[in-house]
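In what follows, chain A forms one complex with chain B and a second complex with chain C.
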Partner chain A sequence: MFEAIAFYLFAFLTTVMFFIAVMTTQALHALTALAAGMIFISAFFFILGADFLGAIQIVVYSGAVMALYAFGMMFFDTTRDVKEKNGNKYIVFGLSILSAVLVVVIFSAPMVTDNISALYPMVEGAGNTQELGMVLFTKYLVPFEVAAVMLLVAMIAGIVLAGKKMDLSLTLMNDAEIIEAKIEKNKKVLS
Partner chain B sequence: MEIGLNHYLVLSTLLFAIGLIGVMRRKNLLLLFFATEILLNSVNIAFAAISHYYGDLTGQLFVFFVIAIAASEVAVGLGLLIVWHKRHGNIDLDNMSTMRG
Partner chain C sequence: MDIAYLIETVIKVVVVLLIFSALAGIGTYFERKVLAFMQRRLGPMYVGPFGLLQVAADGVKLFTKEDIIPSNVVPNIFKIAPVITAATAFMAAAAIPFLPQFTLFGYTVHPIVADINIGILYILGIMGVGLYGPLLGGMASANKFSLLSAARGAAVFISYEVVTGLSILAPIMMVGSLSLIDFNAYQAGGIGDWIIWSQPVAFILFWIAAFAETGRTPFHLIANDHEIIDGFGTEYSGMRWGLFFIGEYANMFFISFIIPLLFLGGYGDGSLLGALGLLAKMSFFFFFFLWTRAAWPDVRPDQLMWLCWKVLMPIAVINIVITGLVMMF
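Moving on, here comes the complex of A and B:
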């Protein structure tokens, strides 16, 4: 009973928030609505017993990703209204039909595949975090390490791309040019 | 009333459709990224629900990796967006029709 109430409440809230995020013309409204929707999605993870994922969802999306977007929006002109695209009518039509077919397939899929058995079943007497850790560090150890390397690459890419002085490269200049650039920089600071 | 797997899958489809609408109608690249996040999150809900109702942990691990990929996508995408905005002064999709660099 309470599960049903919670599900419908959060389903309604999430849908409304994401709809606002997609439809509004103000970039700041879209950012706020998206952050709220992310928090509401974590509620589904808690209802489904995936406590670890719920915490991760709040920390990563509402903490890191939204902070990154807010940081990025400082660079862009966010106060003006966002221009909308008058899309090609045929593309919109085709994608709508695709979505409808997707709904039908999703309705029928669980009936077709009734005889699925669990590959990594839940362990009795262990918490969700413990279960996840047991599977993650045995069967999925290599993908976990690859994901870690990918995050490192993304971090370096972010630093290199968003760093200042994109036209200058310290590794390609000789010593005299580097000293010259430093002197110019000091002049700018002093003046 | 019991909440079953179908409820979650329909909700996931609904959110995915909202994300698709966003991808179709947005011209600003930053708001296009928002729509992409919505797409990824709708799929995450479906994974978690299937993981719960079939008693299998693989779905939750996939959600874990999808979140990692989304985080790195945001970092690289925003970096590229900032570089573009420094050079051209806007982030509209219409001005990116050429690949002259």
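Moving on, here comes the complex of A and C:
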């Protein structure tokens, strides 16, 4: 009974929060509602007994939304309303209800036909964290590592884009050019 | 889930809330006294014996002060920001075992609200969410100083979460569990078994990051009095400002519990002596927060970021690699 109450409470809260995030014209309201919605989603993981994923949901998404706040701080005066070209509101409602129904149908279709079974059944005596580790490092090892490499690529790209003089390569320059670049650098410091 | 369990949990929640709200008040008294003695002053001394009732006087002042909402702020966010700080501080307390289990009138009491098996991860996550309070308060305030403090809050949040997480990873690898109860059981054998002896680097890193997470003095940049007034708290008055305060002090107490539980043996074998030992260790770490405030100047924001990304994070990563190698061979 408690699980049902908790599920409906958090389902309602999450939906309301994401609705606010989409519909409001106030940047701070939108960001805060997004953060709150992300944190409420972790409740579903806790209800299902996936404690580790729940905590990770909180840690990762609160940090991710924090970065969005930083962007909001840089681009807007967040205490003022943003003027939005808001088309027909009924289109928003119609499309969101339609997509929600579609998602429910897609995920419930295999359940209705009983065509679904756990490929990696629960290991007796292993905790939630250990179970996740086993699946992640056996069945999903390749996607997991590929995701890590992708993040590495993104990080290097970020460094190259943000760093100064990243278009120069010391290995491709001869000695005279390097000395010239050094003199140039010193000039800038002095001026 | 039976009714007895429900009642027990509710009682535990209420007890933790009451004790730590009161402790937050008394914590301000200790802070003022300790700082005063270190600066050769007397501190609060007129209200009540040794100035002890100063806490009550401050409480009455905060509660009865007018609650001002300035005209240009974003009202909803402005109102909810202090609540986030205080609420998340107490939510984090749910997974902390404050004392060993004891028997009261023949009923075994576990002084932990929810013994989830990912305790430390949950605590760090919720404490991180607590930094939303200063961030939202600063951004909603329509004040340049508040905005600066919010920007610093975001920077500290994104950076020092990394150090806390990485520093704690090496002890977690040794214990093989994320539960604080398991951490305690691992170190129950006495002083020789404490994790600090095998993980001194992780201990120091976690301790440094704790100062950033709670916003205490060497890293007190979010509300740095001498350059940005009170930062996110500039526009707040009365009990809303008081909630920020309660959140900060409650966080200090909780992190002072977590450091001994992780590295210094916690409550040991669960005897009375062990329980008193945990309280003593907690008091020392709380005192150390105040001591640092009296002894150290603040660092600059760029020095804070430099320290995090160029010093602490590489050390933490090297520590993890070495721990992994030692465990493997």
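What we mean here is this: the second predicted complex is superposed on the first by the 118 of 191 C-alpha atoms of A that agree within 3 Å, B and C clash if a C-alpha of one lies under 4 Å from a C-alpha of the other, contacts with A are read in each partner's own complex, and residues count from 1 in each chain.
In this section, a contact is a pair of C-beta atoms (placed from the backbone, for glycine too) under 8 Å apart; a residue touches a chain by one contact, two chains touch by 3 or more.
From a predicted model like this one, the values you see are computed outputs, not experimental measurements.
After overlaying the two complexes on the shared chain, residue contacts for A:Phe19 are found with chain B alone; chain C is out of touch. In the superposed model, A:Tyr69 makes contact with both chain B and chain C.
In the superposed model, A:Ile58 makes contact with chain C only, not with chain B.
By the document's definition of touching, of the two partners only chain C reaches A:Phe2; chain B does not. In the overlay built on the shared chain, the residue A:Phe44 is in contact with chain B alone; chain C does not reach it.
Using the contact criterion defined above for the overlaid structures, shared-chain residue A:Leu34 touches chain B, although it does not reach chain C.
Looking at the superposition, the partner that touches the larger set of chain A residues, chain B or chain C, turns out to be B. Looking at the shared chain after the overlay, A:Gly133 reaches neither chain B nor chain C.
The residues of chain A shared by its contacts with chain B and with chain C are 52, 56, 69, 72-73, 128. Across the complex, chain B is touched by residues 1, 3-4, 7, 11, 14-15, 18-19, 21-22, 27, 30-31, 34, 37-38, 41, 44-45, 48-50, 52-53, 56-57, 60-61, 64-65, 68-69, 71-73, 75-77, 82-85, 87, 91-92, 95, 99, 102-103, 106-107, 109-110, 116, 118-122, 128, 131-132, 135-136, 140, 143, 147, 150-151, 153-155, 157-158, 160-162, 166 of chain A. Of all the residues in chain A, the ones that touch chain C in their complex are 2, 26, 28-29, 32, 35, 39, 51-52, 55-56, 58-59, 62-63, 66-67, 69-70, 72-73, 78-79, 127-129.
By the touch criterion given at the top, residues 1, 72-74, 76-77, 80, 116-118, 121-122, 124-126, 128-129, 131-132, 135-136, 139-140, 142, 147, 150-151, 154-155, 157-158, 161, 165, 177-178 of chain C touch chain A in their complex. Residue ranges on chain B touching chain A, taken from their complex, read 1-3, 5-22, 24-28, 30-31, 33-35, 37-38, 41, 44-45, 48-49, 51-52, 54-58, 60-61, 63-65, 67-76, 78-83, 85-86, 90-93.
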